[in-house]
């Protein structure tokens, strides 16, 4: 029994290898389309995480300026603001400091506060926010706190970045699903065509008494191997493109920290590639078995 | 001769139609992959023009603040600045106006300029720039003009937008070429496989005395038809996606004016689709003719 | 198994009231009754399109009868599919009228598929192929691909593949159609020898000469209707 | 054309010192010299794998000779390709040993391709197909696909396709291999009638009976070497 099993596995593996070897350009067609599509898929995922990271970073440099009521001091509100969600940092600017800076800026010699009837400014706080999408909401929250006169958060820029991020999320999702669907379509088609080109072989094997399972296994192994190779090439391409893009980034967007191409992406691609290869083969060989 | 010609065209057209009809799922495979890839190509082009437009718009809201030397008046420099390339608009702000605004802002009653020994401010100019990429250069140019004390152009934001645009241009180019290559690969493969599945037919036709040209024409017509159908579907999908994206845009990015999907894009896709169909068929049928 | 080369009364295969109407309305077989005994050497004759191949297809389960029952080696073939049909087919050898060789595999590999499907190990496979090819006169062609062979050579590969695993039932559809007299004679000698060793053989054949020389039992099919020419012994 | 049914001394085709060594080293033909005259009815015999099909392939340009010259209807075939080869093939009819039918086309369409390739218009095509199918006894099968036909029926479709355009030269490779005696006889009668009408016919055949009855001239190929059995008249 064990002897029989090893003999058969030997045959099945050999047959899969021979199939790959003799398949010639058909295999290359399958591998290259798989590569192209997995590459696009990976690129899409990578670009979307990249953009996400970049936008998050841009967003994190956004801040809310909080102007307090004349008699309220910044120090008093600082802990409260710090405790709000999504707040990264809070910086207090007492009105004295602000006034000094203003006077310096205007080039005024000596203290003019007396002629103005005291320091005309108020205490302010600078609140750094974690994500651009929450800026507007947080600003509103702060506005409603006691002692706050008004808030200013460069609303337009923040909102734009936030909605850009949302829109990009949508675009990435749409693109990823379209790519996913095309990958499935192309790979099923290609493997179906590989099976088609070997239909005679399947027919003959059936006629001479090979069980359906025995006929299917080499094809499934082949599909797996094709998926593996496709993923490998796509991964290689991604790394190459990644380093190219990184170069461009350093040239054009030096203020963005790179988001390295990471292993989980590779695993997603590997799963997609080999899964599609195996499932495609199974479906294709099953339909060929039915037809005869 | 004319009779012969019409008889033959009749046969060739019929054969192409019969081929399409009997091809069955193989045609659908070709059409669907072509559709998917043309759709992606169209989407890529559309998104890149869209982003270009959006960024240009964001960029156009950028401006350079020009601070003049104490004795220089804004009006004197305005024409010179207007004449610089990429300058959209120039707004002069005399120091008197600025001073008044400042006093109002600080809540100062009466004129305090006397106690300060005169208006401490200088004339400024606001220069609106056409493209974010030129802001830095333009600012430098302005800085070097006589009478200019300093310039300020929110350098970081402008630079970021500018380089984002450049980077996106690069990304779009890269994506478009990858998609182009995959489209060519997939379509050649698919048509080659269609031809493969009808290899026996080609072989027999050769054996019974059909000239290579006569054998090739129906396949080429079929390739053309497949290209046409693929383009049609891709165009339809693009319109649907376009209206969906437009809806999302109004939700998330209402400040961006939509860039409508325009006919040239359709023509590009049509050219690509049918061109690939025809060339793919020609190459495939030629290799099949050689083999026999 | 009863005496070498003679039919016993053990049944190897039987068709009971079998009719076959193809999907397009053609009549393949019309209420055919036939019992094939172990050790039979049965010839099936009949005009082109009479239904000879259809009869064999019933036996190896490539076509299902429209009505009636087909039984082979104790198994009802009618509704057999998948692994079970495969196991039945391993206990027979079939020479197909259109050869059914795998295009991209060498002669050797084409014959080996049968043995591999049955789990013979590699040494055994190698040991069996050479003598079988020798037997059909193709010893020098083992590395050729089918398209590099003449019509008759392909036919002989198909014969070699049908006998290499020594099946108890051999179905041969026009095994000598593309062979010259000498080769045809040789092939039928081989079949006769196998029959002597206890193999049940069913052959369709047009060649009256060969039938006269070799047949122990002959049935004729005419437009789907079967008639026994030589009574079963 | 000289007298119906009799060979003239006008040359229809000739092989001069033709050898064919296939890519894998097999010898197809070995320095063959053969002249085929207009009006000949030539039988080619020989064992399986002797080189009969190779000889015919030389004549219709499916294989190029390794050495020597092949001339058909005044054209050197050796280096002919593309449109020129196509035009030569239109002036002959070929029955292939493996039939060469287009799988997804009906019998009717399979025959029509020949006529369409030659520019016959649709009415003419329709007018010719029915009688030709009638002639080979397949009148009722015109809408069938090749896979729905028996072996012999497929062979007869191949014959019908070879004669439908009334070529001056007919090459038939084992046209009766899968036919019963009656049908084989009928087919050879048709070939003989065509020969009487002036068509030059070359047939490869194993069946000694048929050769004896029909042959006016017989050559035998043995391991690539050709020998004239009946001298050309």
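Things worth noting here:
Letters A, B, C and D mark the chains in the order given here, with residues in each chain numbered from 1 onward.
Basically, a contact is a pair of C-beta atoms (placed from the backbone, for glycine too) under 8 Å apart; a residue touches a chain by one contact, two chains touch by 3 or more.
Given the structure is predicted, the values throughout are model-derived calculations rather than measurements.
For the pair subunit B and subunit C, chains touching both partners: A, D.
With centres defined by CA atoms alone, the chain at the far end from subunit B is C.
Top-ranked chain pair, ordered by C-beta pairs in contact, is A-B. One inter-chain figure worth recording: subunit B and subunit D are separated by 62 Å, centre to centre, where each centre is the mean of the chain's CA atoms. Subunit A and subunit D have Cα centroids separated by 67 Å.
Subunit C and subunit D, compared by their mean Cα positions, are separated by 30 Å. With each centre defined as the average position of its C-alpha atoms, the distance from subunit A to subunit B rounds to 22 Å. The set of subunit A residues that touch two or more partner chains is empty. Under the stated contact rule, the graph of chain-to-chain touches is a ring, a single cycle where every chain has exactly two partners. Listed by chain label, the pairs that touch are A-B, A-C, B-D, C-D. Taken together, the subunit A residues at the contact with subunit C in this complex read 3-4, 7-8, 10-11, 22, 198, 200-201, 203-214.
Interface residues of subunit D, counted against subunit C in their complex, comprise 22, 24, 26, 45-49, 52-53, 97-98, 143-144, 148-153, 155-156, 173-174, 177-184, 206-209.
Put simply, subunit C touches subunit A in their complex at residues 60, 62, 82-83, 86-90, 94, 96, 100-105, 110, 113-114, 116-122, 161.
Those residues of subunit B that touch subunit A in the shared complex are 26, 29, 32-33, 36-37, 39-40, 43, 47, 58, 106-108, 112, 115-116, 120-121, 156-157, 160, 163-164, 166-167, 170-171, 174-175, 178-179, 181-182, 185-186, 189-190, 192-193, 196-197, 241, 245, 248-249, 252-253, 255.
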